[in-house]
Amino acid sequence: MSIVIFLDFVGVTLFAVTGALVASRKQLDIIGFIFLAMVTGTGGGTVRDLILGVPVFWVEQPLFILVCTVAAVLTFFIAHFLESRYLWLLWLDAVALAAYAVFGAYKGLLVTGSPVIAVVMGVLTGGLGGVFRDILASEPSVLMRKDIYLAAAMVGGLIYVGILGAGVDQFVAAGLGFILAFLTRSGALAYG
Amino acid sequence: MSIVIFLDFVGVTLFAVTGALVASRKQLDIIGFIFLAMVTGTGGGTVRDLILGVPVFWVEQPLFILVCTVAAVLTFFIAHFLESRYLWLLWLDAVALAAYAVFGAYKGLLVTGSPVIAVVMGVLTGGLGGVFRDILASEPSVLMRKDIYLAAAMVGGLIYVGILGAGVDQFVAAGLGFILAFLTRSGALAYG
Amino acid sequence: MSIVIFLDFVGVTLFAVTGALVASRKQLDIIGFIFLAMVTGTGGGTVRDLILGVPVFWVEQPLFILVCTVAAVLTFFIAHFLESRYLWLLWLDAVALAAYAVFGAYKGLLVTGSPVIAVVMGVLTGGLGGVFRDILASEPSVLMRKDIYLAAAMVGGLIYVGILGAGVDQFVAAGLGFILAFLTRSGALAYG
(Lines give C-alpha, C1' and ligand atoms only; values in the text may rest on other atoms or scores of the structure.)
Protein backbone atom coordinates (compact mmCIF):
# COMPACT_ATOMS: atom_id res chain seq x y z
CA MET A 1 0.00 0.00 0.00
CA SER A 2 1.44 3.34 -1.00
CA ILE A 3 1.71 6.17 1.53
CA VAL A 4 -0.95 8.29 -0.20
CA ILE A 5 -3.53 5.49 -0.03
CA PHE A 6 -2.65 5.16 3.65
CA LEU A 7 -3.10 8.91 4.24
CA ASP A 8 -6.46 8.78 2.42
CA PHE A 9 -7.76 6.08 4.78
CA VAL A 10 -6.36 7.84 7.85
CA GLY A 11 -8.03 11.12 6.80
CA VAL A 12 -11.45 9.63 6.07
CA THR A 13 -11.50 7.35 9.12
CA LEU A 14 -10.34 9.89 11.68
CA PHE A 15 -12.58 12.65 10.31
CA ALA A 16 -15.47 10.19 10.58
CA VAL A 17 -14.55 9.57 14.23
CA THR A 18 -14.50 13.34 14.92
CA GLY A 19 -17.96 13.63 13.38
CA ALA A 20 -19.18 10.84 15.65
CA LEU A 21 -17.57 12.54 18.67
CA VAL A 22 -19.53 15.71 17.90
CA ALA A 23 -22.67 13.57 17.64
CA SER A 24 -21.80 12.21 21.07
CA ARG A 25 -21.35 15.70 22.53
CA LYS A 26 -24.75 16.63 21.05
CA GLN A 27 -26.34 13.42 22.45
CA LEU A 28 -27.69 12.31 19.06
CA ASP A 29 -28.91 8.78 18.42
CA ILE A 30 -26.93 6.25 16.38
CA ILE A 31 -28.26 7.47 13.01
CA GLY A 32 -27.05 10.95 13.92
CA PHE A 33 -23.62 9.45 14.67
CA ILE A 34 -23.51 7.72 11.28
CA PHE A 35 -24.70 10.81 9.40
CA LEU A 36 -22.21 13.21 11.01
CA ALA A 37 -19.41 10.64 10.62
CA MET A 38 -20.24 10.25 6.93
CA VAL A 39 -20.47 13.99 6.21
CA THR A 40 -17.25 14.77 8.11
CA GLY A 41 -15.36 11.77 6.72
CA THR A 42 -16.39 12.22 3.09
CA GLY A 43 -17.33 15.93 2.84
CA GLY A 44 -13.97 17.43 1.93
CA GLY A 45 -13.10 14.66 -0.54
CA THR A 46 -16.52 14.87 -2.18
CA VAL A 47 -16.18 18.58 -2.91
CA ARG A 48 -12.59 17.98 -4.10
CA ASP A 49 -13.71 15.31 -6.57
CA LEU A 50 -16.67 17.36 -7.83
CA ILE A 51 -14.45 20.39 -8.45
CA LEU A 52 -11.77 18.27 -10.12
CA GLY A 53 -14.46 16.72 -12.32
CA VAL A 54 -13.55 13.13 -11.40
CA PRO A 55 -15.90 10.44 -10.05
CA VAL A 56 -16.64 10.93 -6.34
CA PHE A 57 -14.35 8.54 -4.45
CA TRP A 58 -16.97 6.83 -2.29
CA VAL A 59 -19.31 6.19 -5.21
CA GLU A 60 -16.46 4.33 -6.89
CA GLN A 61 -15.36 2.69 -3.64
CA PRO A 62 -18.41 2.12 -1.41
CA LEU A 63 -15.93 0.58 1.06
CA PHE A 64 -15.45 4.13 2.41
CA ILE A 65 -19.12 4.22 3.41
CA LEU A 66 -18.56 1.06 5.43
CA VAL A 67 -15.44 2.58 7.01
CA CYS A 68 -17.38 5.67 8.14
CA THR A 69 -20.28 3.57 9.42
CA VAL A 70 -18.00 1.29 11.45
CA ALA A 71 -16.12 4.30 12.83
CA ALA A 72 -19.46 5.84 13.87
CA VAL A 73 -20.76 2.68 15.53
CA LEU A 74 -17.53 2.02 17.44
CA THR A 75 -17.45 5.65 18.60
CA PHE A 76 -21.11 5.33 19.67
CA PHE A 77 -20.17 2.55 22.09
CA ILE A 78 -16.80 3.90 23.21
CA ALA A 79 -17.27 7.68 23.42
CA HIS A 80 -18.84 7.82 26.86
CA PHE A 81 -15.84 5.99 28.37
CA LEU A 82 -13.48 8.75 27.19
CA GLU A 83 -12.34 11.24 29.77
CA SER A 84 -12.41 14.26 27.46
CA ARG A 85 -14.25 13.80 24.19
CA TYR A 86 -13.30 17.35 23.23
CA LEU A 87 -9.54 16.74 23.54
CA TRP A 88 -9.84 13.52 21.54
CA LEU A 89 -11.83 15.44 18.94
CA LEU A 90 -9.16 18.16 18.61
CA TRP A 91 -6.17 15.82 18.33
CA LEU A 92 -7.74 13.25 16.02
CA ASP A 93 -8.94 16.15 13.89
CA ALA A 94 -5.34 17.43 13.72
CA VAL A 95 -4.05 14.06 12.46
CA ALA A 96 -6.93 13.77 9.98
CA LEU A 97 -6.40 17.31 8.72
CA ALA A 98 -2.68 16.74 8.10
CA ALA A 99 -3.23 13.39 6.37
CA TYR A 100 -6.12 14.49 4.22
CA ALA A 101 -4.51 17.79 3.18
CA VAL A 102 -1.52 15.90 1.74
CA PHE A 103 -3.81 13.39 0.02
CA GLY A 104 -5.88 16.24 -1.43
CA ALA A 105 -2.76 17.90 -2.80
CA TYR A 106 -1.65 14.55 -4.26
CA LYS A 107 -4.98 14.04 -6.03
CA GLY A 108 -5.17 17.67 -7.20
CA LEU A 109 -1.69 17.38 -8.72
CA LEU A 110 -2.48 14.01 -10.29
CA VAL A 111 -5.62 15.30 -12.01
CA THR A 112 -4.63 18.85 -13.03
CA GLY A 113 -0.82 18.89 -13.00
CA SER A 114 -0.99 22.39 -11.45
CA PRO A 115 0.86 22.90 -8.12
CA VAL A 116 -1.40 25.89 -7.32
CA ILE A 117 -4.58 23.85 -7.74
CA ALA A 118 -2.92 21.04 -5.77
CA VAL A 119 -2.40 23.27 -2.73
CA VAL A 120 -5.96 24.64 -2.94
CA MET A 121 -7.30 21.08 -3.15
CA GLY A 122 -5.24 20.17 -0.09
CA VAL A 123 -6.85 22.98 1.88
CA LEU A 124 -10.35 22.10 0.63
CA THR A 125 -9.96 18.37 1.22
CA GLY A 126 -8.42 18.84 4.64
CA GLY A 127 -10.59 21.69 5.80
CA LEU A 128 -14.13 21.25 4.49
CA GLY A 129 -15.04 18.07 6.39
CA GLY A 130 -14.58 19.93 9.67
CA VAL A 131 -16.40 22.99 8.37
CA PHE A 132 -19.44 20.90 7.31
CA ARG A 133 -19.40 19.06 10.65
CA ASP A 134 -19.53 22.33 12.57
CA ILE A 135 -22.22 23.93 10.39
CA LEU A 136 -24.47 20.86 10.68
CA ALA A 137 -23.94 20.72 14.42
CA SER A 138 -24.81 24.44 14.63
CA GLU A 139 -21.43 25.22 16.19
CA PRO A 140 -19.35 28.26 15.19
CA SER A 141 -17.44 27.01 12.15
CA VAL A 142 -13.93 25.72 12.82
CA LEU A 143 -12.67 28.58 10.68
CA MET A 144 -13.90 31.19 13.14
CA ARG A 145 -12.59 29.44 16.22
CA LYS A 146 -9.01 28.75 15.12
CA ASP A 147 -7.93 29.80 11.69
CA ILE A 148 -4.44 28.32 12.04
CA TYR A 149 -6.53 25.27 11.11
CA LEU A 150 -6.51 26.05 7.39
CA ALA A 151 -2.92 27.32 7.55
CA ALA A 152 -1.86 23.85 8.71
CA ALA A 153 -3.60 22.27 5.73
CA MET A 154 -1.87 24.76 3.46
CA VAL A 155 1.53 23.90 4.99
CA GLY A 156 0.91 20.22 4.26
CA GLY A 157 0.06 20.87 0.63
CA LEU A 158 2.93 23.34 0.07
CA ILE A 159 5.57 21.03 1.59
CA TYR A 160 4.28 18.05 -0.39
CA VAL A 161 4.15 19.90 -3.71
CA GLY A 162 7.47 21.69 -3.07
CA ILE A 163 9.46 18.60 -2.13
CA LEU A 164 7.97 16.56 -4.94
CA GLY A 165 8.80 19.39 -7.35
CA ALA A 166 12.42 19.25 -6.14
CA GLY A 167 12.58 15.70 -7.46
CA VAL A 168 12.35 13.87 -4.13
CA ASP A 169 10.15 10.76 -4.08
CA GLN A 170 6.51 10.45 -3.14
CA PHE A 171 7.08 8.75 0.21
CA VAL A 172 9.37 11.45 1.58
CA ALA A 173 7.28 14.33 0.20
CA ALA A 174 4.01 12.95 1.56
CA GLY A 175 5.57 11.93 4.87
CA LEU A 176 7.17 15.34 5.47
CA GLY A 177 4.02 17.16 4.32
CA PHE A 178 1.99 15.17 6.83
CA ILE A 179 4.44 15.67 9.70
CA LEU A 180 4.84 19.42 9.19
CA ALA A 181 1.10 19.99 8.77
CA PHE A 182 0.50 18.06 11.98
CA LEU A 183 3.22 19.99 13.84
CA THR A 184 1.74 23.30 12.69
CA ARG A 185 -1.69 22.35 13.94
CA SER A 186 -0.29 20.79 17.15
CA GLY A 187 1.65 23.94 17.92
CA ALA A 188 -1.55 25.95 17.65
CA LEU A 189 -3.37 23.46 19.90
CA ALA A 190 -0.61 23.25 22.49
CA TYR A 191 0.31 26.94 22.73
CA GLY A 192 -2.72 28.61 21.04
CA MET B 1 -46.77 7.78 -15.28
CA SER B 2 -44.66 5.37 -13.25
CA ILE B 3 -44.72 5.51 -9.47
CA VAL B 4 -41.12 6.78 -9.24
CA ILE B 5 -41.86 9.77 -11.48
CA PHE B 6 -44.85 10.47 -9.26
CA LEU B 7 -42.71 10.29 -6.09
CA ASP B 8 -40.16 12.62 -7.71
CA PHE B 9 -42.81 15.29 -8.33
CA VAL B 10 -44.34 14.83 -4.89
CA GLY B 11 -40.91 15.21 -3.25
CA VAL B 12 -39.87 18.31 -5.17
CA THR B 13 -43.26 20.04 -4.93
CA LEU B 14 -43.88 19.44 -1.24
CA PHE B 15 -40.32 20.31 -0.26
CA ALA B 16 -40.75 23.54 -2.22
CA VAL B 17 -43.93 24.26 -0.23
CA THR B 18 -42.09 23.67 3.07
CA GLY B 19 -39.38 26.12 1.96
CA ALA B 20 -42.07 28.69 1.20
CA LEU B 21 -43.70 28.04 4.59
CA VAL B 22 -40.40 28.80 6.30
CA ALA B 23 -40.18 32.00 4.23
CA SER B 24 -43.66 32.83 5.49
CA ARG B 25 -42.66 32.24 9.12
CA LYS B 26 -39.63 34.50 8.55
CA GLN B 27 -41.85 37.16 6.88
CA LEU B 28 -39.73 37.32 3.71
CA ASP B 29 -40.96 38.92 0.50
CA ILE B 30 -42.03 36.90 -2.53
CA ILE B 31 -38.49 36.52 -3.91
CA GLY B 32 -37.47 35.05 -0.58
CA PHE B 33 -40.38 32.59 -0.91
CA ILE B 34 -39.25 31.55 -4.39
CA PHE B 35 -35.60 31.23 -3.39
CA LEU B 36 -36.26 29.10 -0.30
CA ALA B 37 -38.79 26.99 -2.24
CA MET B 38 -36.25 26.39 -4.99
CA VAL B 39 -33.37 25.50 -2.66
CA THR B 40 -35.52 23.19 -0.54
CA GLY B 41 -37.27 21.61 -3.52
CA THR B 42 -34.18 21.03 -5.63
CA GLY B 43 -31.30 20.97 -3.08
CA GLY B 44 -31.23 17.28 -2.22
CA GLY B 45 -31.70 16.17 -5.82
CA THR B 46 -29.03 18.56 -7.05
CA VAL B 47 -26.39 17.15 -4.70
CA ARG B 48 -27.53 13.62 -5.58
CA ASP B 49 -27.09 14.24 -9.30
CA LEU B 50 -23.71 15.96 -8.85
CA ILE B 51 -22.38 13.07 -6.76
CA LEU B 52 -23.76 10.49 -9.19
CA GLY B 53 -22.12 12.40 -12.05
CA VAL B 54 -25.34 12.71 -14.07
CA PRO B 55 -26.86 15.93 -15.44
CA VAL B 56 -28.69 17.91 -12.75
CA PHE B 57 -32.40 17.10 -13.09
CA TRP B 58 -33.76 20.66 -13.25
CA VAL B 59 -31.20 21.76 -15.85
CA GLU B 60 -32.49 18.94 -18.07
CA GLN B 61 -36.10 19.59 -17.08
CA PRO B 62 -36.62 23.31 -16.38
CA LEU B 63 -40.26 22.37 -15.70
CA PHE B 64 -39.13 21.68 -12.11
CA ILE B 65 -38.18 25.34 -11.74
CA LEU B 66 -41.69 26.30 -12.76
CA VAL B 67 -43.13 23.80 -10.28
CA CYS B 68 -41.12 25.30 -7.40
CA THR B 69 -42.02 28.84 -8.43
CA VAL B 70 -45.74 28.08 -8.63
CA ALA B 71 -45.58 26.28 -5.27
CA ALA B 72 -43.88 29.33 -3.76
CA VAL B 73 -46.36 31.83 -5.19
CA LEU B 74 -49.42 29.81 -4.14
CA THR B 75 -47.98 29.40 -0.65
CA PHE B 76 -47.30 33.14 -0.54
CA PHE B 77 -51.00 33.86 -0.99
CA ILE B 78 -52.37 30.98 1.08
CA ALA B 79 -49.95 30.68 4.02
CA HIS B 80 -51.47 33.38 6.21
CA PHE B 81 -54.87 31.66 6.09
CA LEU B 82 -53.41 28.50 7.63
CA GLU B 83 -54.04 27.93 11.31
CA SER B 84 -50.63 26.44 12.10
CA ARG B 85 -47.97 26.90 9.45
CA TYR B 86 -45.56 24.93 11.61
CA LEU B 87 -47.76 21.81 11.71
CA TRP B 88 -48.31 22.00 7.94
CA LEU B 89 -44.56 22.35 7.54
CA LEU B 90 -43.81 19.27 9.63
CA TRP B 91 -46.35 16.99 7.97
CA LEU B 92 -45.76 18.06 4.37
CA ASP B 93 -42.05 17.67 5.06
CA ALA B 94 -42.70 14.11 6.28
CA VAL B 95 -44.51 13.19 3.03
CA ALA B 96 -41.82 14.87 0.92
CA LEU B 97 -39.04 13.14 2.84
CA ALA B 98 -40.59 9.70 2.35
CA ALA B 99 -41.28 10.26 -1.35
CA TYR B 100 -37.94 11.78 -2.18
CA ALA B 101 -35.92 9.20 -0.21
CA VAL B 102 -37.44 6.40 -2.29
CA PHE B 103 -36.88 8.31 -5.51
CA GLY B 104 -33.25 9.00 -4.52
CA ALA B 105 -32.68 5.30 -3.84
CA TYR B 106 -34.27 4.47 -7.20
CA LYS B 107 -31.99 6.88 -9.08
CA GLY B 108 -28.89 5.82 -7.12
CA LEU B 109 -29.58 2.18 -7.98
CA LEU B 110 -30.30 3.02 -11.61
CA VAL B 111 -27.01 4.88 -12.06
CA THR B 112 -24.56 2.85 -9.96
CA GLY B 113 -26.23 -0.56 -9.54
CA SER B 114 -25.00 -0.58 -5.93
CA PRO B 115 -27.66 -1.06 -3.20
CA VAL B 116 -25.37 0.60 -0.63
CA ILE B 117 -24.97 3.74 -2.76
CA ALA B 118 -28.73 3.64 -3.43
CA VAL B 119 -29.57 3.84 0.28
CA VAL B 120 -27.03 6.66 0.84
CA MET B 121 -28.53 8.55 -2.10
CA GLY B 122 -31.99 8.09 -0.62
CA VAL B 123 -30.86 9.67 2.63
CA LEU B 124 -29.06 12.53 0.82
CA THR B 125 -31.94 13.20 -1.57
CA GLY B 126 -34.55 13.05 1.15
CA GLY B 127 -32.60 14.82 3.85
CA LEU B 128 -30.48 17.59 2.33
CA GLY B 129 -33.29 19.83 1.07
CA GLY B 130 -34.52 20.26 4.62
CA VAL B 131 -30.98 20.73 5.93
CA PHE B 132 -30.27 23.51 3.38
CA ARG B 133 -33.62 25.15 4.17
CA ASP B 134 -32.81 25.29 7.86
CA ILE B 135 -29.22 26.51 7.40
CA LEU B 136 -30.34 29.31 5.06
CA ALA B 137 -33.12 30.30 7.43
CA SER B 138 -30.57 30.36 10.29
CA GLU B 139 -32.54 27.76 12.21
CA PRO B 140 -30.89 24.85 14.04
CA SER B 141 -30.49 22.22 11.32
CA VAL B 142 -33.26 19.62 11.14
CA LEU B 143 -30.63 17.03 12.02
CA MET B 144 -30.07 18.50 15.45
CA ARG B 145 -33.74 18.93 16.26
CA LYS B 146 -35.01 15.46 15.42
CA ASP B 147 -32.59 12.95 14.06
CA ILE B 148 -35.26 10.29 13.48
CA TYR B 149 -35.62 12.45 10.36
CA LEU B 150 -32.70 10.83 8.55
CA ALA B 151 -33.55 7.40 9.95
CA ALA B 152 -36.93 7.65 8.18
CA ALA B 153 -35.19 8.41 4.89
CA MET B 154 -32.92 5.43 5.48
CA VAL B 155 -35.91 3.17 6.16
CA GLY B 156 -37.44 4.26 2.83
CA GLY B 157 -34.28 3.46 0.89
CA LEU B 158 -33.64 0.14 2.66
CA ILE B 159 -37.21 -1.13 2.17
CA TYR B 160 -37.21 -0.11 -1.49
CA VAL B 161 -33.84 -1.69 -2.27
CA GLY B 162 -34.57 -4.78 -0.18
CA ILE B 163 -37.96 -5.54 -1.71
CA LEU B 164 -36.73 -4.84 -5.21
CA GLY B 165 -33.75 -7.12 -4.55
CA ALA B 166 -36.19 -9.87 -3.53
CA GLY B 167 -37.59 -9.74 -7.05
CA VAL B 168 -40.82 -7.87 -6.29
CA ASP B 169 -41.83 -5.23 -8.81
CA GLN B 170 -41.07 -1.51 -8.79
CA PHE B 171 -44.57 -0.37 -7.84
CA VAL B 172 -44.80 -2.48 -4.69
CA ALA B 173 -41.18 -1.76 -3.64
CA ALA B 174 -41.52 2.00 -4.09
CA GLY B 175 -44.98 2.10 -2.55
CA LEU B 176 -43.98 0.16 0.54
CA GLY B 177 -40.73 2.15 0.87
CA PHE B 178 -42.75 5.36 0.82
CA ILE B 179 -45.38 4.15 3.29
CA LEU B 180 -42.88 2.78 5.82
CA ALA B 181 -40.64 5.85 5.62
CA PHE B 182 -43.69 8.05 6.19
CA LEU B 183 -44.89 5.90 9.12
CA THR B 184 -41.43 6.06 10.72
CA ARG B 185 -41.37 9.84 10.48
CA SER B 186 -45.04 10.16 11.52
CA GLY B 187 -44.44 8.03 14.57
CA ALA B 188 -41.63 10.37 15.61
CA LEU B 189 -43.86 13.40 15.02
CA ALA B 190 -46.88 12.00 16.81
CA TYR B 191 -45.15 10.46 19.82
CA GLY B 192 -41.69 12.10 19.73
CA MET C 1 -11.80 42.28 -23.74
CA SER C 2 -15.52 41.66 -24.01
CA ILE C 3 -17.90 43.12 -21.46
CA VAL C 4 -18.82 39.71 -20.04
CA ILE C 5 -15.17 38.86 -19.31
CA PHE C 6 -14.91 42.23 -17.59
CA LEU C 7 -18.03 41.57 -15.48
CA ASP C 8 -16.63 38.14 -14.55
CA PHE C 9 -13.42 39.70 -13.17
CA VAL C 10 -15.32 42.49 -11.41
CA GLY C 11 -17.62 39.95 -9.76
CA VAL C 12 -14.89 37.60 -8.58
CA THR C 13 -12.53 40.36 -7.42
CA LEU C 14 -15.07 42.45 -5.52
CA PHE C 15 -16.71 39.44 -3.92
CA ALA C 16 -13.23 38.38 -2.79
CA VAL C 17 -12.73 41.82 -1.25
CA THR C 18 -16.06 41.55 0.63
CA GLY C 19 -14.97 38.17 2.00
CA ALA C 20 -11.73 39.74 3.20
CA LEU C 21 -13.67 42.63 4.77
CA VAL C 22 -15.74 40.14 6.75
CA ALA C 23 -12.47 38.47 7.82
CA SER C 24 -11.31 41.89 8.97
CA ARG C 25 -14.50 42.50 10.96
CA LYS C 26 -14.01 39.07 12.59
CA GLN C 27 -10.32 39.82 13.29
CA LEU C 28 -9.05 36.68 11.56
CA ASP C 29 -5.40 36.22 10.57
CA ILE C 30 -4.21 36.47 6.99
CA ILE C 31 -5.04 32.86 6.10
CA GLY C 32 -8.59 33.54 7.25
CA PHE C 33 -8.66 36.56 4.92
CA ILE C 34 -7.48 34.45 1.98
CA PHE C 35 -9.91 31.62 2.71
CA LEU C 36 -12.99 33.85 3.06
CA ALA C 37 -11.92 35.86 -0.02
CA MET C 38 -11.57 32.65 -2.02
CA VAL C 39 -14.89 31.15 -0.91
CA THR C 40 -16.80 34.40 -1.49
CA GLY C 41 -15.06 35.17 -4.77
CA THR C 42 -15.35 31.72 -6.30
CA GLY C 43 -18.30 30.13 -4.43
CA GLY C 44 -21.17 31.20 -6.65
CA GLY C 45 -19.31 30.48 -9.87
CA THR C 46 -18.17 27.09 -8.62
CA VAL C 47 -21.71 25.94 -7.90
CA ARG C 48 -22.84 27.40 -11.26
CA ASP C 49 -20.20 25.42 -13.17
CA LEU C 50 -20.87 22.20 -11.26
CA ILE C 51 -24.61 22.44 -11.95
CA LEU C 52 -24.01 23.31 -15.62
CA GLY C 53 -21.66 20.32 -15.88
CA VAL C 54 -18.76 22.37 -17.25
CA PRO C 55 -15.19 22.51 -15.85
CA VAL C 56 -14.97 24.75 -12.77
CA PHE C 57 -13.64 28.12 -13.95
CA TRP C 58 -10.77 28.51 -11.49
CA VAL C 59 -9.47 24.98 -12.10
CA GLU C 60 -9.19 25.89 -15.78
CA GLN C 61 -7.88 29.41 -15.02
CA PRO C 62 -5.83 29.31 -11.78
CA LEU C 63 -5.30 33.03 -12.37
CA PHE C 64 -8.57 33.56 -10.47
CA ILE C 65 -6.96 32.03 -7.38
CA LEU C 66 -4.17 34.59 -7.64
CA VAL C 67 -6.75 37.37 -8.05
CA CYS C 68 -8.58 36.34 -4.87
CA THR C 69 -5.32 35.98 -2.94
CA VAL C 70 -4.06 39.42 -3.98
CA ALA C 71 -7.45 40.96 -3.14
CA ALA C 72 -7.29 39.33 0.30
CA VAL C 73 -3.74 40.46 1.03
CA LEU C 74 -4.37 44.06 -0.08
CA THR C 75 -7.54 44.18 2.01
CA PHE C 76 -5.58 42.80 4.95
CA PHE C 77 -3.26 45.81 4.87
CA ILE C 78 -5.83 48.44 3.92
CA ALA C 79 -8.99 47.46 5.81
CA HIS C 80 -8.12 49.07 9.15
CA PHE C 81 -7.64 52.46 7.47
CA LEU C 82 -11.25 52.42 6.23
CA GLU C 83 -13.74 54.51 8.12
CA SER C 84 -16.62 52.08 7.80
CA ARG C 85 -15.73 48.58 6.68
CA TYR C 86 -19.41 47.66 6.80
CA LEU C 87 -20.47 50.36 4.33
CA TRP C 88 -17.64 49.38 1.97
CA LEU C 89 -18.76 45.77 2.31
CA LEU C 90 -22.36 46.58 1.42
CA TRP C 91 -21.57 48.74 -1.61
CA LEU C 92 -18.81 46.59 -3.09
CA ASP C 93 -21.08 43.61 -2.60
CA ALA C 94 -23.81 45.44 -4.56
CA VAL C 95 -21.47 46.02 -7.53
CA ALA C 96 -20.19 42.43 -7.38
CA LEU C 97 -23.72 41.05 -7.19
CA ALA C 98 -24.86 43.02 -10.25
CA ALA C 99 -21.77 42.11 -12.30
CA TYR C 100 -21.72 38.46 -11.39
CA ALA C 101 -25.47 37.95 -11.87
CA VAL C 102 -25.20 39.13 -15.47
CA PHE C 103 -22.13 36.98 -16.07
CA GLY C 104 -23.92 33.96 -14.57
CA ALA C 105 -26.90 34.51 -16.86
CA TYR C 106 -24.51 34.83 -19.82
CA LYS C 107 -22.77 31.55 -19.01
CA GLY C 108 -26.04 29.75 -18.26
CA LEU C 109 -27.44 30.82 -21.62
CA LEU C 110 -24.22 29.90 -23.41
CA VAL C 111 -24.18 26.37 -22.00
CA THR C 112 -27.88 25.43 -21.94
CA GLY C 113 -29.55 27.81 -24.39
CA SER C 114 -32.47 28.11 -21.96
CA PRO C 115 -33.42 31.63 -20.78
CA VAL C 116 -35.06 30.19 -17.65
CA ILE C 117 -31.89 28.33 -16.63
CA ALA C 118 -29.89 31.47 -17.49
CA VAL C 119 -31.85 33.59 -15.00
CA VAL C 120 -31.57 30.93 -12.29
CA MET C 121 -27.81 30.73 -12.91
CA GLY C 122 -27.59 34.50 -12.60
CA VAL C 123 -29.24 34.37 -9.19
CA LEU C 124 -27.06 31.44 -8.06
CA THR C 125 -23.82 32.96 -9.36
CA GLY C 126 -24.58 36.38 -7.95
CA GLY C 127 -26.11 35.28 -4.68
CA LEU C 128 -24.30 32.19 -3.40
CA GLY C 129 -20.88 33.75 -2.77
CA GLY C 130 -22.42 36.10 -0.24
CA VAL C 131 -24.52 33.33 1.29
CA PHE C 132 -21.44 31.10 1.78
CA ARG C 133 -19.49 34.05 3.23
CA ASP C 134 -22.17 34.69 5.82
CA ILE C 135 -22.67 31.04 6.76
CA LEU C 136 -18.91 30.53 7.24
CA ALA C 137 -18.66 33.70 9.29
CA SER C 138 -21.60 32.50 11.41
CA GLU C 139 -23.63 35.59 10.53
CA PRO C 140 -27.34 35.46 9.67
CA SER C 141 -27.34 34.63 5.96
CA VAL C 142 -27.63 37.62 3.62
CA LEU C 143 -30.95 36.16 2.47
CA MET C 144 -32.55 36.68 5.86
CA ARG C 145 -31.25 40.19 6.39
CA LYS C 146 -32.30 41.76 3.09
CA ASP C 147 -34.00 39.62 0.54
CA ILE C 148 -34.10 42.35 -2.09
CA TYR C 149 -30.56 40.99 -2.51
CA LEU C 150 -31.62 38.05 -4.65
CA ALA C 151 -34.28 40.11 -6.41
CA ALA C 152 -31.53 42.39 -7.68
CA ALA C 153 -29.63 39.41 -9.08
CA MET C 154 -32.84 38.23 -10.74
CA VAL C 155 -33.39 41.68 -12.28
CA GLY C 156 -29.88 41.56 -13.76
CA GLY C 157 -30.46 38.16 -15.34
CA LEU C 158 -33.95 38.98 -16.63
CA ILE C 159 -32.88 42.27 -18.24
CA TYR C 160 -29.85 40.65 -19.85
CA VAL C 161 -31.75 37.67 -21.22
CA GLY C 162 -34.72 39.81 -22.28
CA ILE C 163 -32.73 42.44 -24.16
CA LEU C 164 -30.51 39.84 -25.79
CA GLY C 165 -33.64 37.93 -26.82
CA ALA C 166 -34.97 41.11 -28.45
CA GLY C 167 -31.96 40.98 -30.76
CA VAL C 168 -29.92 43.78 -29.16
CA ASP C 169 -26.19 43.13 -28.88
CA GLN C 170 -24.24 41.64 -25.99
CA PHE C 171 -22.66 44.90 -24.83
CA VAL C 172 -25.94 46.76 -24.39
CA ALA C 173 -27.74 43.77 -22.86
CA ALA C 174 -24.97 43.09 -20.34
CA GLY C 175 -24.42 46.76 -19.58
CA LEU C 176 -28.12 47.45 -18.93
CA GLY C 177 -28.49 44.23 -16.94
CA PHE C 178 -25.60 45.30 -14.74
CA ILE C 179 -26.84 48.87 -14.26
CA LEU C 180 -30.43 47.91 -13.43
CA ALA C 181 -29.36 45.14 -11.05
CA PHE C 182 -27.07 47.62 -9.29
CA LEU C 183 -29.80 50.28 -9.11
CA THR C 184 -32.25 47.75 -7.63
CA ARG C 185 -29.78 46.79 -4.93
CA SER C 186 -28.70 50.39 -4.34
CA GLY C 187 -32.28 51.49 -3.91
CA ALA C 188 -32.72 48.85 -1.22
CA LEU C 189 -29.50 49.97 0.48
CA ALA C 190 -30.24 53.67 0.30
CA TYR C 191 -33.93 53.61 1.24
CA GLY C 192 -34.33 50.09 2.74
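To keep things simple, chains are lettered A, B and C as they appear, and every chain counts its residues starting from 1.
Following the convention adopted for this analysis, a residue touches a chain if its C-beta (ideal position, glycine included) is under 8 Å from a C-beta of that chain, and two chains touch if they have at least 3 such contacts.
Computed from a predicted structure; not experimentally measured.
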* Asked: Does the chain A and chain B pair touch with the same residues on each side or with different residues, judged by whether over half of the numbers are shared?
  -> different
* Asked: Hey, what angle do you get rotating chain B onto chain C on C-alpha, to the nearest 5 degrees?
  -> 120
* **Distance from chain B to chain A - Cα centre to Cα centre, in angstrom** => 29
* Quick one: which residues in chain C touch 2 or more of the other chains? => 50, 135
* **Residues of chain C touching chain A in the complex** => 26, 28-29, 31-32, 35-36, 38, 46, 50, 55-56, 59, 62, 65-66, 135-138
* To do: Spell out the residues on chain A that touch chain C in their complex, using ranges where they run on.
  => 50-53, 112, 114, 116-117, 120, 123, 127, 131, 135, 140-141, 143-144, 147-148, 150-151, 154
